[in-house]
Amino acid sequence: MSDYIMSDATHAKLKKVSTASIATALYKRGLRNQFIQGVFPVRPKQENMVGPAFTLRYIPAREDRNPITVFRNADHPQRVAIETCPVGHVLVMDARKDARAATAGSILITRLALRGAAGVVTDGGLRDAEGIAALDMPAYFARPSAPTNLTLHEALDINVPISCGDAPVFPGDILVGDNDGVMVIPAHLADEIAEECVGMESFEDFVLGEVRNGAAIIGLYPCTKEDHQQRYEAWRKKNGR
Amino acid sequence: MSDYIMSDATHAKLKKVSTASIATALYKRGLRNQFIQGVFPVRPKQENMVGPAFTLRYIPAREDRNPITVFRNADHPQRVAIETCPVGHVLVMDARKDARAATAGSILITRLALRGAAGVVTDGGLRDAEGIAALDMPAYFARPSAPTNLTLHEALDINVPISCGDAPVFPGDILVGDNDGVMVIPAHLADEIAEECVGMESFEDFVLGEVRNGAAIIGLYPCTKEDHQQRYEAWRKKNGR
Amino acid sequence: MSDYIMSDATHAKLKKVSTASIATALYKRGLRNQFIQGVFPVRPKQENMVGPAFTLRYIPAREDRNPITVFRNADHPQRVAIETCPVGHVLVMDARKDARAATAGSILITRLALRGAAGVVTDGGLRDAEGIAALDMPAYFARPSAPTNLTLHEALDINVPISCGDAPVFPGDILVGDNDGVMVIPAHLADEIAEECVGMESFEDFVLGEVRNGAAIIGLYPCTKEDHQQRYEAWRKKNGR
Amino acid sequence: MSDYIMSDATHAKLKKVSTASIATALYKRGLRNQFIQGVFPVRPKQENMVGPAFTLRYIPAREDRNPITVFRNADHPQRVAIETCPVGHVLVMDARKDARAATAGSILITRLALRGAAGVVTDGGLRDAEGIAALDMPAYFARPSAPTNLTLHEALDINVPISCGDAPVFPGDILVGDNDGVMVIPAHLADEIAEECVGMESFEDFVLGEVRNGAAIIGLYPCTKEDHQQRYEAWRKKNGR
Amino acid sequence: MSDYIMSDATHAKLKKVSTASIATALYKRGLRNQFIQGVFPVRPKQENMVGPAFTLRYIPAREDRNPITVFRNADHPQRVAIETCPVGHVLVMDARKDARAATAGSILITRLALRGAAGVVTDGGLRDAEGIAALDMPAYFARPSAPTNLTLHEALDINVPISCGDAPVFPGDILVGDNDGVMVIPAHLADEIAEECVGMESFEDFVLGEVRNGAAIIGLYPCTKEDHQQRYEAWRKKNGR
Amino acid sequence: MSDYIMSDATHAKLKKVSTASIATALYKRGLRNQFIQGVFPVRPKQENMVGPAFTLRYIPAREDRNPITVFRNADHPQRVAIETCPVGHVLVMDARKDARAATAGSILITRLALRGAAGVVTDGGLRDAEGIAALDMPAYFARPSAPTNLTLHEALDINVPISCGDAPVFPGDILVGDNDGVMVIPAHLADEIAEECVGMESFEDFVLGEVRNGAAIIGLYPCTKEDHQQRYEAWRKKNGR
């Protein structure tokens, strides 16, 4: 969908910035719905999840099309998605926010991790969530859910634009996840958002230091007073940021 | 998606049977989720809506992709859907059950009706609902909604399998709507369901007559007593059904 | 559950008073949750629905217990409820506010009406709603729903205390329905509530007349001014109320 | 809150335009949340509701502060709102989208109508809804609800900015309601929105005529073809619009 | 309700299998709704919860029936349930998914644990949740909730079939809980499900080992390739499973 | 709003009692809705949060009024609330239960903590939740949410009565939070509730000891047997409570 190839530099920047900063940077550009709502880390991780979106679309399962035997089919889209998600990508699943059944379990997600994916996000459930939590690869879900995906979800399409947690996700969009949740950065904006957020984080680190030293918010955050601005410049020099 | 072509005979049968009968006939075959939930007639009509599904899929609107000017694009999928929905088909729209914005208004739906469509179903909103209500063509929606679809919905795909009101809808599935709502009949079952339902309705008409004459339900509905069965056979002969 | 037998006098009073007045009278006694939430008339009627509750409890349907053939069982609780609901009673169904399937259809409700029931209330769906609407007997539901009750609901218990639309309903409680909806009056309060409401309605008719003649609300409703009180006494004498 | 005084000309224009047109005109200006969600006409009216907002804010009722006797207080904000809402204004109530209790009943709304208000909008319930439906003044609500407002809602503030159906409403904003629902026009935009919508409606009337005569949507709506533009100009001249 | 007595062998098997496996085994038998939705461990435990269901049904609390003094009644069903739940059983409470009030607190649940119950499940709230979390006995709830159950829930029936988290629960059904949540196994299926799941878990442990060694999913899970099958047989022999 | 000044004695008592006890004590006085629903600790703390409410009211954000630049305004109510919340008070935010956007982030909440506030409660989201979790000051929220408050919420009023999680909160009401959640004590009841709860907790500690020693609930909790009462008196003497 997008020809954008994320550079190592942008990847490195996005590893260090918060979803809150990304949300603000997108807000300034008029994009208000890029946070995937209702999705939580299966287990918090030390590092951000960063990678382009590779998508899987589910529709409601019709019983006659979804006997347990469909998984024997080598073309089953859920299995194919797990085996074809490119290295460094994030598998994003549209389960219509219906977590009454799983969209995957620990065996498939372990395979996904071993294949080198950067993470997985679903607005449905995950089963064997404890096994998924134990992986190094970050995973985001609505909640644990024991029932097999066949109960409610038929895997249908791979790498088409989808909805996930009420956010639009186009294949190739850059997903960034931290403990607050997951932001979707439109691919064409990834470089500039990454750059802008590095600056925001630098300033916020300075502000947090000032606040911890007793500074008031007004005039400092955002910076509307000249002497705060000067202190920030000094802080940047001193800290190399 | 389906090669099934509905015959005139099946069409005629489905014009006369209720969605309740269809739901029961599908239930007997293990299909429990074919009723489009949360969707109501814009205005009740005298006749059933009957036709194969032609689908339109919306995803959440990203602000930069959905300025008002996109409608000037001759390829805009919503407009294309209206102009390409085949005669006798039902346009079915997947709006992710989000009726906070419209999925179409009276001008487009009037055009759809004039092009010969059999009806329209959306699990989102419709605007200018009064104008739509006045058309002969049946329309089903979640509720009236003034905001343009661009506010929340980006029209994306035409004639792919979708979710509508939590039911799976494959292009070519046969939709039947009455005042209770809309059922989705998998294409390959349409002929047998139509036939079975004609029989069910015949029996239910007999039962209703008996009940109005003071008969009790137990033993009659379903028919487990021999003499009810005989009375029904006599009724059928007398009434030619 | 209750030995209370409603007198003809109380029945006659409750035929004339509004659910709004009943709600206020119960509110004065500390009862705040006696309105059945989320339930609407299938079709508005000219007269109030009034009668003691006869209850039917559904639980979620387990597939192996609910094949279509269970209706052949003469003991099926839904059928038994229809055939045993006493004359003048209201059949109240607990469907856990889940209207994705019906709790009854027009044949059963027609039988119920012919047997002399005073009405039916369900917090689930009704199928063939148009047929039910056409009956003289009032019916209240969450919405039309084509799927058979077996899809989601197993009829289990008759005449036990239930929840209906988040209100507690004990067998024998007096239900009153108008176009606003349905109130549940605990049986032991029915006589005094009926009497009190007749007085409230008398006063409110007077107030409405005054308002239509240009009177202000404050001091009049509730009546805190002496001369309003005197005018009301005069009005009562003149109108025999 | 706003010094804007709506002119008769703007009032007259807004009487004739649809909420759908207003939503689109506001959308073009970046305002996406001005439709009051989840609110319906108590009974459809022939004419638009048009008027500046006069607001009433409810918070959750604390039992000790809301005995039935509070209505005897001449300062009770609900009563005061009814008696002080200026002529031609729309009373807009913030009930936190909780319709499990009423926010007013027919006596108060009758008084409001007689005092010359242009309408009433609540995102909660209304009781004695049938009496309210019978008034000439338009009323919008979430649904009928018998319980007195004291059950869940304490009237607190008059004419402060509120939320109604998830839309921001500032006192003096111009409300327009038709059968689709209610739009909130920020006061400072009312004149230009009214003017723009008159033009949109003129064009849409032309388009609808063309569609009824067999024209296709693409190229016509929006108008991207020269000859459609010329036909429209001719139509305007002929019809004086 | 059920005469089934769980054997030690079945109990031991169910201690070792996951709710995900149970869900799949039931799915194969056409049972799709046996997962208790919206219910989470108060604190994750090392071992599965396993035991037959002993049920408690709440209905909405009517204020006059639920003063704080009702707990002084030796027959209060909530207290009786705590004192009569058989050793090794799981107390399952139907709170209509309403967690705005508790269904029990730490004192009662401590007593239940000391009496030898296998666990507790409620689709309502629990208060003093930290005290409950500290017990060895597993507990599942919707969320912490400080208000006493009397606020919203009247304990009514003991050991009748109920709904819990939208799943049907019959007394004597076997409940199994792990960190994903709780499955309800119909009593008559417990032995065969336990046996089948032991086999599934054996195979899944093998698969997980293969995946960790780099194997692809397709052809392995489910096993459709002959050589995977042979490797599995070898693995079973080697590992004694 | 309230002239009540909490004494050190009451503060100390409330530090030691549970929200469950407070809920019961308020229930005895007819107050059933003082638990803030749907709000959870960002991270559990060892001590109770105790302090008078200082409130901030948000309404839905209108896009033209909420560009990112509004934070430069020294009067922005969110910033002013952070800088003026009195020492020892709890900042309580009304976000209409809409957690799709944040109501504050870690910099502001760090400043609030450093200024000596007793805690923060919002029924919306918080961003940089991990930074907030790390503070000593307790914080309660609906869930983490990366988007800036401007996305959905306009900060409007300071220290007016609000709704938070469906509970009424008046400035000066005493908030107490533990791991179950947050209770709102009307200011005029704080002293008597604190005193009563100390007694309840004393008794419950005794009961828990008895239960751990094998005592049954009935007759003990509540205490209806004489010898339990005597044992309790002895326990009090021995333990100085």
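Annotations
Labels for the chains are A, B, C, D, E and F, by order of writing; each one numbers its residues from 1.
Just so we're on the same page, contacts are C-beta pairs under 8 Å (C-beta built on N, C-alpha and C of every residue); 3 or more make two chains touch, one makes a residue touch a chain.
All of these numbers come straight from a predicted model, not from anything done at the bench.
Each step here moves to a touching chain, and the least such steps from chain D to chain F number 1.
When the contact pairs of D-F are matched by residue number against B-D, A-B or E-F, over half are shared only with A-B. Residues touching across the chain E and chain F pair largely diverge in numbering: under half of the numbers involved belong to both copies.
Inter-chain centre distance (chain D to chain E, centres taken as mean C-alpha positions): 50 Å.
Put simply, the C-alpha centre of chain B and that of chain E have 39 angstrom between them. Residue positions of chain C touching 2 or more other chains: 30, 32. Interface note: chains touch in the pairs A-B, A-E, A-F, B-C, B-D, C-D, C-E, D-F, E-F. Interface residues of chain D facing chain B in the complex, by the touch rule stated above, are 18-20, 22-24, 27-28, 32, 35, 37, 40, 44, 178-181, 183, 204, 207-208, 211-212, 214, 216-219, 221-222, 224. Those residues of chain E whose C-beta lies close enough to touch chain C in the complex are 29-34, 59-64, 96, 98, 154, 156-157, 160-163, 166-168, 186. For chain B in complex with chain D, the touching residues are 68, 71-72, 74, 79-80, 82-83, 100, 102, 105-108, 110-111, 114, 127-131, 143-148, 150-151.
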